[in-house]
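Letters A, B, C, D, E and F mark the chains in the order given here, with residues in each chain numbered from 1 onward.
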Amino acid sequence: MNELMMIPLIARIRSIREVTFDTLMFEVAIEKDGKEVPFSYLPGQFAELSVFGVGESPISITSTCTRPGLVEFAVREVGLVTEAMHNMRPGDNMGIRGPLGNGFPVDEMKGKDILFIAGGIGLAPLRGLINYVLDNRSDFGAVDIIYGARAPNLLCFDWEFDTWKAAPDTRVHLTIDAPAAGWNGSVGFVPAIVKELALPPGNRLAVACGPPIMIKYVLEDLAAAGYRDEDVITTLEMKMKCGVGKCGRCNIGAKYICVDGPVFRLSELKTIPSEY
Amino acid sequence: MSRVKVGVFVCHCGSNIGGTVDVPDVVEYAKDLPLVHYSEDNLYTCSDAGLTAIKEKIKEHGLNRVVVASCTPRTHEELFRRTCEEAGVNRYLFEFVNLREHCSWIHMNQPQEATCKAKELVRLGAAKAARLRPLEIARAQIKPACLVIGGGVAGLSAAGSLAQQGFEVHLVERNDRLGGLTVDLWKLLPGDRPASELLHTLTARVTKNDNVTLYLSSELNEITGFIGSFKATLSTPSGKKDIEIGTVIVATGAVELEPLGLYNLGKTEGVITQMGLEKMLSDGRKDLGDVVFINCAGARGPDREYCGRLCCAVSIKNARYLKEADPDARVTVLQRDVMAFGTEFETEYRKAMCAGVRFIRFSPDRPPTTIGNDKVTGVRIYNQLTGEESDLSANTVVLTTPLAADSGASDLAQMLKVPVDKDGFFLEAHLKLRPVEFATDGVFIAGAARFPADIGEAVAQGTAAAAKAAAPMFAGEVSVEATTALTNPRLCSGCATCEAVCPFGAIEITQDRHGRPVSEVNAVMCKGCGACAAACPCGAIQQLGFTDSQIFEMVRSLARDGDPSGSEG
Amino acid sequence: MSDFEPKILIFACNWCSYAGADMAGVSRYQMPPNCRIIRVMCSARVRPEQVISALTQGLDAVLVLGCHPGDCHYTEGNYLTRRRGIMLKNLLETMGFEKNRFQVNWVSAAEGARFAQVVSEFVEEIKALGPSHVSRDKDTGTHA
Amino acid sequence: MFHAIRTPGRMRDQLKDMQTRLREIAAAFLERPDALFFIGWEMTPDEKETRPFFARNPRQAQRLVWNDLCHPNPASYLPRLRDREGMIGVAVKGCDARALRELIRANQIERKNLFVLGIPCTGLVDPNTGAIASRCAECQYPVDFDYDETLGPMETPALTVERSAPDLDAMSLQQRRAFWKQELDKCIRCDACRKICYGCYCPECIFEMSDPKWATNRGDLADKIFYHAVRAYHLAGRCVGCDECARACPMGVRLDLLNRSLRDHAKEMFSFDGAGITDEKPLLRTFSTEDPDPFFGGDE
Amino acid sequence: MAITPKDIDRLIREHGLGACLECGKCTAICPMSEVFGDIEYGHTPRGIVEKALFDSDLITGDAIWYCLTCDVCTKGCPSGVHFRDFMEELREMMIAAGHDEHGVRCRLCNRYFVPDPSLKMMIEKMDVKDSTPEFLLTCPKCKTRDFGRKMMKNFAPGRFKE
Amino acid sequence: MTVIGYMKRSALEGVLGDISDKLEVIAPLPSGDKGAVELRRFEKGAQVSIGPVKPMLPLKTIFLPPVEQIFRFSKSENETTVTASTPITRDRVVFGALGCDIAALALIDEVFLREPVDEAYRERRTRTTIVALACEGQGPECFCASVGIDPVRPGGADVVMIPVKDGFIVETITKKGEQLGTMLQGALRDPTGPQKKTARSFTSTSRSDVDLSAPAGGWSAVWESEAWEDASARCIGCGICTVVCPTCHCFDVHDERHGNGGERFRKWDSCMAVNFTMMAHGENPRPQHRARVRQRYMHKLVYFPENHGAVACVGCGRCAVACPNRTGIGEVADRMREREEDSNE
């Protein structure tokens, strides 16, 4: 955290990689007073990225803190700020404030089996966590990754899949919503795959991240499968401006998504209103 | 959604631009503009070398927006758009900046200021270019069938002409016979041809052609759609009938005004209208005695301001027939002034005068009055010049009344979404520039429905409308303006302001799936003027290629992005 | 104030006024370099909001040019422009703008000389008025 | 600003009778199975003013009031209720009826879903001074509407027509500028003026748009001029003169003057009678080829 | 032999009076106003054409007797009204019918030769009120003959037979 | 707390003038022509309107300005320079602050001084001395006593001025207050006995019977209360309540670009605004008006107490006065609990 909470540091774009047709991944180096500075963070945290003169957006960090080097952000073009980001080139400067938010409770997750469930761009925050888990493979039990998207070309971070599959005691289950040419994997919505796999709760934590409708069904299915509310972890999305619990926008119940979240256990979610 | 990469090509145009504006300086300036990836100058951008350069640079740098700063879009826009297209960039991702007509030529003695202005113009162009979105030119299929509404002379001419050209024609006539007003006419000017003869020719052309489907005693009930694909419902004696057509010609004609009470019309025997006279003449009656015509009856007054145009010619014609038929009868035409336009009518006028028809001017301040209680015996007229009142003997008084709009015209106008003027006549797109056409594509107008027309004019207009309607039907499709209006239903309040201001009837308020009113633009009918976009308070309707966002960005950049001659440059 | 070089925005309709400006260029009529033209298809496309926005963002004046009434390429767009223009002009005057900060005028495609004259006179008028009283840089907000 | 004094006692009795009728009619309406609620006025907790009240049942109808303090315009609430199924009752005085008429014309509410009770208004008073409100003193409009019921003949109130100060047209440019500088300095850009207005029903206000981001929201003079000019312009030809904007303004900015000036100009230039008075020829949706052309030749 | 409206109608038709467009050029160039000073509208060419067309009484009254028959009007008429010819024929028709109160007859041959107003004006203009010179009362034909006779008497008495 | 003397009312402008040489002075000044009062910078020669009229905008404007520049930036080549804006340049003193407004600062402190600290806010807070005006209640809408605020000697004030006949008894409370006290010395006299007595017995007329408490059971107990239906039916969503509320502190952040530079600023925002929670991709988690109205009151009456132990209301009553429909928070709180009682029946 920089000393003046609303003043961003400079994030210099080092490279840009296409994730899907509407999503780019920016690799940035953080600079302060013209010098590169380290940036430490936890999986699941986010940062406020800004295009100077256009605005600021909260974007989750998709790189992994266990791997030294640049910080990565996957940005889907949805509004003005993200559109402006998509028009940037390597060498350009973004503003960055962060890391913000609570991140995943990695220490408490140690020693457990983990079921990752992700849909679409929802894999962006999970990717950091998955790589964290795989980098500390011995600290965790069995790993299952269920990931789905509408179509094969909308699967994010496809370059990671082979590495994940190759990791010990790790399985990757990919799915797309509807049959498509050249796709030999399973077809169906993510909740259906969750049901089909029917991984028993036991010592397992489920971490789900994706569009609200997917989360809704996944949570129901997990509850039906006997997962306890404490063992289900998800992330919430809400409009944010300051990212530090002051501007008041992301307030739901007594929580502020930006500081109390975005990662919540289902047991915590049940203490706040379900509609906002 | 790929990244915006603007390329800027600045033209010297020989010395036309380069002689005044420091082109290399402008190129350098352009390089620093937001999202501009490449910038160069060309001696002549429109030359083969220039066009090739554009194409090469598009490929080399992955440019996806092109700005050419050279002359006026009025001459070269199409050329550069095609060039972009050839290089795989959508033709609407091109923006033209006019440095010649709008800068170098008009500031020839101020090279410094001109250069500064050129930079700003390029900046605005690049700002707009960055916000351009690809657009598609839509095409609409045209069904080669035409609905002609009205079986008078104009309608018959139009229908005949189209049928001869091989198009399917649906001719709808309200009455049980064709011919309209002409049916009741006796002889036609010029040439004293019997009206029936002409009518026979015109009717035969239609009835003998298999391409024409005739609907007598029928009316148009409903019509929807737009150029190329209208759907109409007719009510015919044999029930409702649905037809599909590509074009529509309105030839509903007009009616003769019968101003009951005026000059005792309908009260005193012997006071009749021209149409009444024509019928009498057709029936062979010639025993009319002394006849006085009163022209401008019901026209050119406060209630009906327009001149009936044909009335003078009609009264001249009939007065001469009467005089010739009975040289002893006194035939007098009371007129406010005589409008015998064209040499033919002028000759007719002289013939009538020479035949002994008296033309006497009266003033609207003291109009003539008829004499006689039950039966008319004369007309009292005041002579302005002599200041004398005198009586003319008359056994028959003929009122020359103008043609007036049919009372059904306004309903039809609403159905077709075309305008009528204050007298109820249909209003064409432009009196001089676009006659016989409506602003609405695919709908045309001919004959007296447009304004009082004589037979010759009705024939000419009918044929002209047929020619206009034939053009798109021959082509089989029309390409549609790409820079049309488009509604964003999320922002639309359904207030119908856009519908009201659209001159082309291209916008309609429909309901969205929640039953809320929402405006919908028919892209085929839209001409892309943008009047709706400026009127919409919500900013819900936008003109593609000229969106609020694009124009705003230009304004913002002009106002806020600094003066290139200053330190920021 | 004699050094004052106003920055003026012109909205010109594609069919008449933009062509009129072209004609002025072809005829080499010289005029002051203070104006920037934004081309619109019809003067009726000019949103009054754009005009107000231009004036409040720091431009010194706005001129909207269209076809002469009755000559509109879209038959009646410029009549809408005229009505909107009158209302807007009155509103701007009521709010404290000089009456000439915003103008509407008609220039046909053939009227190169008229274009030059209208523009030159307009620039002169605005020069005489001086900078617009709404200048962003001078004012930093009431309650700040 | 004000012309007369508080409504005399005799007239207050009359208002009392009308209030009784109003309650009866509203209660009767609310007995209907399809009735959602009846929008009228109730007294504020301090009993000094009135505020809108949504009576849901005949019992609540007894809270409704009609008196010379009923300033709020109930028609303003209708656009956002258009998706509700059922009948909405609404009590309208003249200016409200004009707003209602404009709303129906602009498809913001359907007549068939409304039960409209017309109230012959004899002018409202300012709660603080007890004087007739300026807009009422100038009100000269017939309130022609197809009411379901009325509380008496809907006549044009015959009140004094006398302009109240400040007269912007009579001011010099410098004075006008100073006047608006002073007024706009007060403005805190809270948006109350636009949100209370019956005519502000756009799904997303252009001041809240992000592309283009019309308003800077910077709160400086330029931003405020843009805001108020655009707000006023958007209501040109639609403002019914209910002066709710000025009433809602917590800082007392004289927004009514801006709208009034536009109404005056529309009358002067286009013989425009005013919004909600007739359904013919809405100001900015139509034009006439005979409109004045002050532009040709550059100067007026 | 009385003059019928039909007779006048024939003249109107023959001389194209119906073609009158009421433009008034005839009247504008008519020298009558020079000669007679302020004349009535009813005496002008246009006035007379109008009267003729209006069926007014041209026979009574002196309206048609002012025309100088100079024919300038015919030359100026854009519509081809032969006013002078109409006028002359009408006058002859009237004299023949005995309406000679406005026509002056030759003192020698007793034929009508000039309208009364013209003669009066000539006498006035020439300032010869006291004794009307005989030549003014002689028709041109007789004048020529009379003058010739006098010449012969003086210069070729031999050729002259009394 | 120390009584340091008696100051004549007529001496006030002079004293403020002297202080303004050393400090920036903010005081209630007349605004407009209708007797309104606004807290603004005091310039020498100005008339102060200290007394019976409550400024429409609360004290928070001095610490959280409606529009506040955060930083400027400028770009050249590939480098962006960000320059943080200076919140204030001089130490400041606010005269005539009211107890309710001062108490509200303590609530805002909970948010803005918690980690990460809002530096601009902290700087303004620490560099501002607050001189309270003992308040006897400024209208029927006042109910600060109901929420446990002492309007006479409010906590958080550095100095208190207690009105007595023709002047004030000045008492210092904090160190900062004492420093200011030394600047006031010249204008002070020893108070007389009756003056001291008046000051001691000074009381407020503020209502103490307004109940803002939420029923036991937290948010879920009142989540479906009919109060939201009632309040939202009448509410036009203008958000004036949030503007005039001394404790409302939500803000929005905007960027402005001109040429190669620009600025970022924040401005007050209101949870009543439709787009308050509208996200870039067009989804709005709180699209209904009713939910927004509920959010505002729930935040003040339920969530804030849950997080910080106190309702976010100081009983100034401005919301009821400014609301075009005169809806006050007390009324809504009453309605909210009614539902609870109903459901217990």
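In the analysis below, a residue touches a chain if its C-beta (ideal position, glycine included) is under 8 Å from a C-beta of that chain, and two chains touch if they have at least 3 such contacts.
The structure presented is a predicted model; accordingly, all values stated were derived computationally and were not measured.
Novice: Using the contact definition stated above, find the chains touching both chain C and chain E.
Specialist: Expected: B.
Novice: Drop chain B from the picture, leave everything else in place, and list the groups of chains that still touch each other.
Specialist: Minus chain B, contact groups: A, C, D, F | E.
Novice: Tell me the fewest steps from chain B to chain E, where a step is a jump to a chain it touches.
Specialist: Tracing touching chains, the least step count from chain B to chain E comes to 1.
Novice: Measuring between mean CA coordinates, which chain is farthest from chain E?
Specialist: Relative to chain E, the chain whose C-alpha centre sits farthest away is A.
Novice: Between B-C and A-B, which chain pair is linked by more C-beta pairs in contact?
Specialist: Counting C-beta pairs in contact, B-C comes out ahead.
Novice: Please flag the chain sitting at the greatest distance from chain B, going by CA centroids.
Specialist: F
Novice: Please compute the C-alpha centroid of chain E, do the same for chain F, then give the distance between them in whole Å.
Specialist: 113
Novice: What's the distance between the Cα centroids of chain B and chain D, rounded to whole Å?
Specialist: Result: the chain centres lie 41 Å from each other.
Novice: Centre to centre, by mean C-alpha position, how many angstrom separate chain A and chain D?
Specialist: Computed value for the inter-centroid distance: 50 Å.
Novice: State, to the nearest whole Å, the distance from the C-alpha centre of chain C to the C-alpha centre of chain F.
Specialist: Between these chains, centre-to-centre, one finds 46 Å.
Novice: Could you list which residues of chain F touch at least two other chains?
Specialist: 57, 66-67, 252, 254, 256-257, 282
Novice: What are the residues of chain C that contact at least two other chains?
Specialist: Correct list: 48-49, 53, 57-58, 76, 80, 84, 141, 143-144.
Novice: If you look at chain D, which of its residues touch at least two other chains?
Specialist: 188, 204, 206, 211, 214, 218-220, 284
Novice: So in the complex, which bits of chain B are touching chain D?
Specialist: Touching chain D from chain B are residues 490-497, 500-501, 509, 514-517, 535, 537-540, 548-549, 552-553, 556.
Novice: Quick one: in the complex, what on chain C touches chain D?
Specialist: Result: residues 48-49, 52-53, 56-58, 69-70, 76, 79-80, 82-96, 98-100, 103-106, 118, 121-122, 133-136, 139-144 of chain C touch chain D.
Novice: Mind listing the chain E positions that touch chain B in their complex?
Specialist: 6, 9, 12-13, 16, 18-20, 22, 41-42, 46-47, 50-51, 53-56, 79
Novice: Under the touch definition given earlier, write down the residues of chain F that touch chain B in their complex.
Specialist: 257-260, 282
Novice: Per the contact definition, I'd like the list of chain F residues that touch chain D in the complex.
Specialist: Answer in residue numbers: 31-32, 34, 36, 56-57, 66-67, 140-141, 230, 233-234, 236-240, 243-244, 252, 254, 256, 265, 267, 270, 273-275, 289, 320, 322, 324-328, 331.
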